[in-house]
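Shared between the two complexes below is subunit A, which pairs with subunit B and subunit C, respectively.
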Partner chain A sequence: MAKGKKESLIMTSGEAVGTLAAQSIGEPSTQMMLRAFHSAGISSVITTRGLPRVIELIDARKRPRNPGMIIRIEKKISKDYEKVREIWRKLEDVKLSALMSGYDENLRSGVMTVHLDPERLSSYEITGRTIAAKLGKREDITTEQDEKDIVVKIKKKEGVKSTRTVFVNVLNSSIIGIPGINKAVVQQDEDGTFYITTSGSNIGEAMKIDGIEKEDIYSNDPFEVLKNYGVEAARNTIANELISTIKEEGLTVSYRHIGLVADAMTLTGEIKSAGRHGIAGEKASVLARAAYEETVKHFINAGVFGETDRLSGVAENILIGKQIGVGTGRIRLGVRKEDIKKLK
Partner chain B sequence: MVKTPELILKHEILSDSEAKKVSKKYNIGLDKFPRIVETDVQVQKLKGKPGDLVAISRKDPTGNYTYYRLVVKD
Partner chain C sequence: MLAKESKAKVYLDGRVIAEAKSGRAFAEEVRKNRRLGLISGEINVSYLKKLNEVHINADRGRARKPYIVVEGGQSKFTPELEQRLQSKEIDYNYLVRRGIIEYLDAEEEEDAFVALSSDQINQKTTHLEIDRASMLGLTMNCSVFPEYNSIGRHPISSNFAKQSQGLYAINFNKRYDPRAFIMYYPQVPIVNSMAYRALKIGSHPSGQNLVVALSTYYGYNMKDAVVLNRGAIDRGMGRSMSYKTYSDEERRYPGSQQDRFKVPPPTTESYLGEHAYSKLSEDGIVETETQVTEGDVLIGKVSPPRFLEEETSFGVGEEKSRDNSVTLKAGEEGIVDNVLLCETTSATKIAKVRIRTERIPEIGDKFASRHGQKGVVALIVDPNDMPRTKEGIVPDLLLNPLSLPSRMTFGHMLEMLGGKVGSIGAKQMDGTAFSTEGRALVDEYGALLENYGFDKFGDEDLYDGRTGEKIKAKIFTGVVYYNRLMHMVGLRLQVRSRGPVQILTHQPTEGKPRRGGLRFGEMERDTLVGHGASLLLKERMLDQSDKADVWVCRNCGDIGYYDYIKNQPTCQTCGQNELEKVEISYGFKLLLDEVKSLHVLPRIKINMG
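What follows is the complex of A and B.
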């Protein structure tokens, strides 16, 4: 019986697996459309869910709306809360504006006094001196530090407007943490190990922090993964994100379909979208492209550049009314020369 | 914890004779294989050159299998 089951799962040669995959993902996504956009509850890290997320992944958006990471801690220290917190402190991007209680600025004389909030400073365990030192690296300002304030003086006075721009930049400059990570939360697993989830993704910088499992940072941004871990990892990310998004909605799609889409998207070693700017827009056949989207554009370009259509795909053969090369249509019959002689 | 897949898989560069065997098994030329760029982190680790065939040991819900990619110029 097991053998029969196994054999029934093997695809026959010539099966239109791409079409099957498209239908298998398309059907649940219409259901997702109907019940999207209402989720309740509190979640510490925001994620895009449902159909918008599926579209985001398949369109291969360079900037996902809610990127995030899951960071695992090295085994030695993964149960030590204090040490995990130390790592956490290095992660979250904290701007100057988050560490102060207020500021006074005099735009005409180009002087700004930032009043630091001692409570917030102690919660991030930094001192005014380190902040002043960090700000001192900027070339357009000079800093002075007294007890609770940092006095920022602008070097070149070029009118009120540019002074204000510099001040805003100073207030938004990051003091500790990794740029791009807005929020990090330490979480505990059932077995007592700690891990960190973040909103905002920057694997390259996170890998530089000691105590983190460098090869095991999970990000939901395929492009981040592609840059740091390579295509195969990016392919796994796309497939996993797609399947978990669909699962979250209470629907099921076989991994085979999702895996095929992920494979097709990463076929060239880079991530390509499945739409008209990616896979579908780069088909060899003019007729197939014209049948999909932007018909006139493709015909005009084909005319200008003298393209030929070899009529080997599916769409173009449907268009001209020929048998398509799918399933039994792929099989051609031939007769050997010797056999013809026998017939005579 | 949220279950996440193993991201980094084992990559291996095949010798010329092995590559020929694989290409014969699937009855396609080397240029028809899926690609991986030369600057890919995993290829750099193995010091692969354009024209090499990389065997990747995949593990996913459908089972364990080998996937092949051809190293190409970026």
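What follows is the complex of A and C.
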């Protein structure tokens, strides 16, 4: 039975899988458009949903609107809330401006006094000294730590404007956590294991934290995954994100269609969009490219470089009026020369 | 600045003219004087509390509505006045002049506190509606039981009313409208409203009272389909005449040339052939009461040539002329109803030919009640096959009961009841907005129906005409006013197997007037690709579209032609004669031409497999 099932899933040679995938994803997407606005469930981490998310993935946007990670914890401490909290503290990116109650600046003398907020300090379990030490790593300023205040002095005075820029940079500098991770939330599985979801993605930095399952960080940003885990993982990320987005809308699309799209996007080892800047724009055929978008550009370039169109694709053959090489057009009947003689 | 109580600004038509200590008191003062007749009754004033401004409007174009003035909790329209009005001692204008009725515009309405009926008046009330129905406009007041229908159905029903066929003008016989429809036997609705009667719309009715049963019919009236009774159609139900006017003018051109209405001589340019002009009379215009069909010339007209001819040694030769006749459009037919000849203001002759066609209801025609319930005729059933009551009443129209609950048009059902009572009792029923109370109305109608020996809810025992069996369920049957809408299949039906092609692309034309086909577009193409139906796809995109045989040079790959004088194919680019006949789409040949215009030379390499 298993064999029969498997064989029923194998495509026949010449099946127009690309067109089928496009239609199978395209049709439910039109329904997505109709009901674009609705939020489901309580979720502390915001994610892009619905059609915008699908477009974001297929267009292979370098900066997704709401990147996020799911971080698994090493097994031995994954049920220990305190230890997970400790990891969590290292994740969330906290800026100096979030730890202070206010600041005074004197742009002429290049001195800024940052008033630290003790309540916020204690909530993040951090002291003024560590902040000063962290800021001390910067080369353009010197820091002195008071009881509650940190006095920042600029080393080179180059005018009011650049002084102000430095001060703004100091206020925005990360004190604890990983840059890019705006928020992290500790969540618990049904079996009691803790994991952390974040808004903002930075796998490379997160891997450096001890106690994190380094091989099991999930990010919804395919480019992040590509950089850290490789192209196969990136392909799976695209496919998983697409299918979960579609599922969220209450629609069903077979994984094979989506897998095909993800395969096509990552075929070359990097992530390419499905549009004119990616797969469609890099087709071998001049006519197929010209038929899609930017007709004149493709023809002129073809003329300049003396390109040849082998007329092997579907779009070209429809254009010139030949039978397409898909489906029934894939089969050709051949007769050997000797056999022709026999016929005669 | 805000601390001090500032004075109210007074605006007249949007310009500040004065300040008032108290805006409210000022506005009241203006109103008082208006009611006394000291200032014009066409002035409206309002006080805007938030802005502390008084706006006086005296400009044109404000929509205004009459109200009865209420002062001190007392309507100024006293019973005594009512009596005098009824005895015609005074008239409506008297009430307006005396400040008993005043007109408010949209802005002043914001200041008013209007009671719907006299028993709702309290100390705060400023005005009283003349009638509850007057909260709606004229259009809405012409519909029946509007308050029982879902709000979204009203604009829909209003749209249908605009599209309905009826007696739009008494002098339709003397009019030459580009398109017109006249219903043969329009009726005044049995259930109508006060505004309908007051506006005398009944003299231009646009529908008929049909016996409607809320019943299915073997699945033929699913969704918005309706089933019609052939017997009723044969007796004239829904029958109408459609008129279409073709017109043309004898234009004048520079050089004292002008068009001429006449039967074009066979020497004219683009002569359509003798038979096309056969229905024209001597003056070049078609005879009245002749049957004309597609392609027949209605107005024969010859125009001067587009370019002046040069003088020959024999002087100016005989003037060539061009045929510019008006022909009946594709898919149309009818009888020439009348011909009108007259002159335009620029003293040119103008001819109008009116074609008349009888339109008998057929499958695909559209009908609608006055409650936004439209339906397309799906089946016309012989009367013997229709369901019937024990009295032998056969419904004219079968409406699917599922049309009603989701659209919430209770007015439709009330009209069915009211129409039934009215048709049995031979009297007009009233369905004016807000004049009735639903339950009491049903009881009233129920009592009347029982009096006549019918079921009080309007239900009937129906017998299936096909089997003769009694239908188990009781079926709600009544009389509803139905409009026949101007969308009829006869005007839209179109088919094509072969036909004209476009000159530029050699592809089939599009649209009914060009006898065109339906576009087999990109998405349709993808469906065939998805199925792998490669030969079917090729047939659609090439064989039945713009197939072209093109000669391609084996030497240079450019497109050549066949020289029929030398009887050999020729390549213009390299001058050789070794060319191959290739079957491509003409669209591709055009594309190659356009690519050439980009200064890119496409070459076709032929591989003789």
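The rule we apply is simple: the second predicted complex is superposed on the first by the 331 of 344 C-alpha atoms of A that agree within 3 Å, B and C clash if a C-alpha of one lies under 4 Å from a C-alpha of the other, contacts with A are read in each partner's own complex, and residues count from 1 in each chain.
Here, a residue touches a chain if its C-beta (ideal position, glycine included) is under 8 Å from a C-beta of that chain, and two chains touch if they have at least 3 such contacts.
Since we're looking at a predicted model, the values are computed, not measured.
Applying the stated contact rule after C-alpha superposition, one finds that A:Arg256 touches subunit B and leaves subunit C untouched.
When the two complexes are overlaid on their common chain A, residue A:Leu267 makes contact with subunit B while staying clear of subunit C. Residue contacts after overlaying the shared chain place A:Ile318 against subunit C, while subunit B stays out of touching range.
When the shared chain is aligned, no partner comes close enough to touch A:Ser8: not subunit B, not subunit C. In the superposition on chain A, contact of A:Asn240 is made with subunit B only, not with subunit C.
In the superposition on chain A, contact of A:Ile70 is made with subunit B only, not with subunit C. In the superposition on chain A, none of the residues of subunit A is touched both by subunit B in one structure and by subunit C in the other.
Contact residues on subunit C toward subunit A in their complex (touch as defined above): 525-527, 529-535, 537-538, 541-542, 547, 583-585, 587-588, 591, 595, 598-601.
Note for the complex: subunit A touches subunit B at residues 70, 187, 189, 195, 215-216, 218, 225, 227-233, 236-237, 239-240, 255-256, 259, 263, 266-270.
Subunit B meets subunit A in the complex at residues 1-2, 4-9, 11, 34-37, 40-43, 56, 58, 60-62, 67, 69, 72.
Subunit A contributes residues 14-16, 19-20, 22-23, 296, 299-300, 302-303, 314, 318-330 to its touches with subunit C in the complex.
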